[in-house]
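Got some structures for you, see below.
Two complexes come next, and they have one chain in common, subunit A, joined by subunit B in the first and subunit C in the second.
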Partner chain A sequence: MEMFAGLLVSALLLGCTYTLIAVGFSLFFGVMDVVVFCCGDIAIFGAFSIMGAYVVLMSAGLFNTLPFIVCVALLLLIGALFCATLGLVAYRFSIKPFSHSSELMPLLSTIALGTVIKEVLGLMFMPAVNASASAFGGEAALKVVSGRNPQGFPELLFPNGGVNLRYVTIICVTVLLLLLLFIFLNKTKMGLSMQAVSQNKELSMMTGINVSRTIVVTFIIGGVMLAIGGFLVGSYQKIMSFDNGAMYGAKGFSAAVVGGLRNTWGAVIGGMLLAFVEVFVAGYVANGAAYAGVVAFVVVVIFIIFKPEGIIGEKTVEKV
Partner chain B sequence: MKLKRTIPSIFKLPEPILIVLCNILIFGLAFAMLRLSYQYSLACVAITIAVLLLMDIKGYINHLFSLYIRHKKIAFFSALLCLLVLPILLAGLRYESHIAIMALIYAMVCLGLNFQMGSTNMVNFAPAAFMGIGAYSMAVVTVKLGASAWLGLGMALVLCAFAGLLIGLPTLRTKGYYLSLVTMALQLAFTQMIKNIASVGGPNGISDIKAFSIAGHSLYKSYTLPLLGKVAPHFFYLYFCSILLIVLIYVALRIYVSRYGLALNTIAQDEIAANCLGVDVSRQKLLAFVLGGLFCGVGGALYAGLTSFVGPNDFTFSRSLVYICMVILGGMDNPLGVVVGAFLLTVVMEKLREFADYAQLVYALLLVIILIVRPSGLIPKRVRDYCALFNRRPQQEIEEK
Partner chain C sequence: MSDESAILSIRGLDTSYGRIPMLRDVNIEVLRGQVCCVLGANGAGKTTLVKAILNIVKADKGSMSMSGEDISTWPTHRRVQAGIALSASAAGSFQKMSVDTNLKMGAYYIKDTKLLEERLAEIYRSFPVLRERLQQKAGTLSGGERTMLAIARAVINKPRLLILDEPSLGLAPIMVEEVFNIVKQLALQQMSILLVEQNAVKALSVASTGYVIQKGAIVFCGSVQDLAKSEFMDNPVM
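On to the complex of A and B.
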């Protein structure tokens, strides 16, 4: 029973990280009708920029002068800024040029852009904090390692509190973020126009919605979601590697597909489902840990074959 | 006759001589790229790309193609002669021969990928996985079972065709993104599986794979030949791969100009319309995957025979991206263009070994740039000459009718 509870918690946590990335996918897919495959890499980039900013703030001594929570907020803000910019770059250079060509072009170009992001991280990211360095340590154990090595993510969520407190925070932040997104999408004018663009671009243009601005705002919001997703991934895994992006991207997209690509709540359900499958296979099947990732993909393939519209997606019938 | 008006006056040579000169020029360039140090070699690559683009803008490339088709026997045999001379020029050079063989193997994989990506517009993100299946079946058959490499090749073909069938089945119900996700899932799952299965070596891979041999003579061995002296071990393997590539190019072109190739293109244009025209969409899609799998399998088996070692790192997702990049650079749906793309990128990849850290970055940037600037590739697909390529009669006769 204890094992079950432990698995449940870790499945929830993993589900939270998948969910945020999947939400990014479904937001982008909604407004642009393209799959932005570099979502995972953008999230990892967010995590790395937070790590980099942490080192800079640390060496500037800000952690000793400002309250800890302000510093963490500052770091999150920096990460969100980087990711939003990156989201806009992705839109400008790998999606917009292909808006009139085959749907597979943006797929390829965003994958290529994801690789560019990944490789830039691997090549350029130099400063790193030793994993054991606590945020409160007077002398931060600064160590320069190459970006290609796995990096220790700084403990920014209650470094003095227990593990449980951190886990609860991760879940709470995810829920809060999803609630905010829900309110934004349904209660504000911008959110409503995002939904309108998602449903019918031409018609929303005719009703006076500024479509291009809506798209830009979507990419900024998606970028912010991904940055926080990356932050949570880092806080949960504690060790980050520059090439995690492709895996998280594939998992996030899989979650979005399982849930229903156009639907934001589908992304939540899909993310949780995938995480539960993975964690419980790893926990209960003999030698399952090695095959957890494979099983998750098998689930996705089964879904694609038998229920391609996802759990709560609506079935689209192609018209000639 | 049309030709003389459109091609500048320096080319007013008799057509057969023009073709032979052209072939010598192409193979000379290839040799230069292989032989020279990396600065000059890359300069050659850049010049080739520039010339190809210029020729395409001016329309010369179409004339060149029709010239080749008009005199296909001369074109074929002079190209064959050049291809047979190339290994002799590279006889003592180990590394250069190695690059040449890699280029040939990658060209095979890209030809296979082209059936799916180019002809049918289904982006397959798993060519490296198919290649891996081929390479691993070769490794298992020769090392674990102790059988001959030929049996390994046969096993690779069977397993790859089966894998193609298996991955082709979901494609019958899906398309577009979903299909790409299925192939991507297969690719990621393949790498994880290989790493985790202990009986195929896990992360350490399998080493000491037997090379191909004919009547007891290994094809991958340093022989002392008359006239040439001691040749690099790659000498005969290069011939072997060249012959296989010629066969595969022939098969690919044959399929490309046949009804099947046409049907694949119809599916790429519009699946519903293809269905209405009586194309058996599901059969054709399966065919594309099985054929592609076979080609990749041959490439994988040859790769295992060359390096005599297979490990999971040679068949990752990023490798698949490289193959996709090759196909797009060369020109989707143009078998010859794909071969050119594979050769150019292989040379770039191997010559820049010292800067291997940047290789992935270069590929990805290149892919973005090609997609934005010139999505049709260096040698774009031409207007189909439905019966010109393999028809016995000269083209003029057909045109007159």
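On to the complex of A and C.
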């Protein structure tokens, strides 16, 4: 029983990290009909910018002058800002220029952008962080050695409160963020426009929705979701590597597919399902850890074959 | 001569799809408070024309003005905001949204919630079929109901110019009758309407001026009386 409870918590936590990345995929796919393959890399970039900003804030002595919670908020804000910008860059330079050519083009160009993001992290993280740390603090409080080494993610969620409090916070942050997204999508004009563009782009234009502005806002919001996703991944795993993006991207994408690519709530369920399968296979099957990832992807394949519209995706075919 | 009596005037409009030219030198004038129809066979370029009026299809050449004001450079949302409403049943609906939300999306630029409620109430009076299906997802409506929704979504704005793109498309004769009764009602209320149709007989019964479009070019322009006598009416369903 104790083992079951432990696995349940692990699965929930892992699900939280997958969920937000899957939501990013599904938001972007909704408005652009394009799988933005660099979502995982954007999230990892968010985690790294938070790590980098942490070192800089330490060097500047802000952690001694400002309340801890304010510093954490500041770090999250910086991460969100970086990822929102990166979301816009992805849209402007690797999706929009190809939106009139074959569907394969934006797919390939976002994969390429993912590689660029990854390599920029590996090559530039150390010099960028050390340079700005010394610019702010005279001497860096912490020196980042190499961007290609795994980095320790700072303990920002109740560092003195023990591991349980941190886990509870990860789950609460995820739930809160999804709740905010739900309210935004259903109660605000911009949120409804995002849904409208996702369901029928041409009709959205005819209705007078400013479609290009809606798309831009979607990429900003998706970027912020990915930043928080990256932050949760870091807080949960504690160690991050610059090339984690591909793995999280694949998991987030799979979760979004299981949920039905266009469906934000499907993405949440898909993320949880994938995490539960992984964790419970690893926990209960002998030598399961080796198979966990494979079994999870088998689940995805089963969904693609038998329920391609996703868990709660409904088939609505409009007759004309 | 862009006089004040024309709500919309289009001059020398050319459009193309890629390198293939579509509309050629189209001139159309819609007079205030009147119904103007554009007749044409399948593929003649009618939908292209209405999309060009909203700048969804870009014009290569030509100019457009609304009540004398040049709108040629305006983006789509600005044209809609200025009072051009397009109802195209072929464009479908927001399938996963309720009928109610679809109508509210149509009323995108009505900010005043009280006004919005009034307009919705009016719409439900004129379209009782929609009132019965308020919370139903638009994707599950029948063809006739969906046409009603498409018209209602445009009419809720009380537009300065209402464009109807083939409202009779794919409907049973009895539904066509019902749709044209609504068009007649709107015409009686002095709404300026550009009616695009293949069904010439029905269109001529409500319009006062008519155009015929063939292969992207206007080949007839005149009163419906003249149009009814012309050789274009030898095949009344175009």
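Points to keep in mind about this one:
What we mean here is this: the second predicted complex is superposed on the first by the 299 of 320 C-alpha atoms of A that agree within 3 Å, B and C clash if a C-alpha of one lies under 4 Å from a C-alpha of the other, contacts with A are read in each partner's own complex, and residues count from 1 in each chain.
Rule of thumb we're sticking to: contacts are C-beta pairs under 8 Å (C-beta built on N, C-alpha and C of every residue); 3 or more make two chains touch, one makes a residue touch a chain.
In this text, all values refer to a predicted model and were calculated from it rather than measured experimentally.
Aligning the two structures on subunit A places subunit B and subunit C side by side, free of any clash. Contact with subunit B, but none with subunit C, is seen for A:Phe98 once the two complexes are overlaid on the shared chain. Subunit A has more of its residues touched by B than by the other of subunit B and subunit C. Residue contacts after overlaying the shared chain place A:Ile311 against neither subunit B nor subunit C. Residue contacts after overlaying the shared chain place A:Asn200 against subunit C, while subunit B stays out of touching range. Contacts of A:Val120 after superposition on the shared chain: subunit B is touched, whereas subunit C is not. Of the two partner chains placed by the overlay, only subunit C lies in contact with A:Leu192; subunit B stays clear of it. Within the superposed three-chain model, A:Leu7 lies out of touch with both subunit B and subunit C [touch as defined at top]. After overlaying the two complexes on the shared chain, residue contacts for A:Leu66 are found with neither subunit B nor subunit C.
Contacts of A:Gly208 after superposition: subunit C is touched, whereas subunit B is not reached.
For the three-chain arrangement built by superposition, the Cα-centre angle with subunit A at its corner and subunit B and subunit C at its ends equals 90°, in steps of 10. Superposing the two structures on chain A brings subunit B to within 18 Å of subunit C, judged by their nearest Cα atoms. Put simply, subunit A uses residues 318, 320 to touch subunit B in one complex and subunit C in the other. Within the complex formed with subunit B, the subunit A residues making contact are 35, 93-94, 97-98, 101-105, 107-109, 111-116, 118-120, 122-123, 246-247, 250, 253-254, 257, 261, 290-291, 293-294, 297-298, 300-301, 304-305, 308, 318, 320. On subunit A, the positions that touch subunit C within their shared complex are 189, 192-193, 195-196, 199-200, 202-203, 205-211, 314, 316, 318-320. Against subunit A, in their complex, subunit B makes its touches with residues 121, 123, 169-170, 173-174, 176-178, 180-182, 184-186, 188-189, 192-193, 195-196, 272, 317-318, 321, 324-325, 328, 357-358, 360-361, 363-365, 367-368, 371-372, 375.
On the subunit C side of its complex with subunit A, the touching residues are 54, 56, 75-77, 79-81, 86, 88-97, 101, 104-106, 108-109, 137, 139-140, 143, 146, 153, 169-170.
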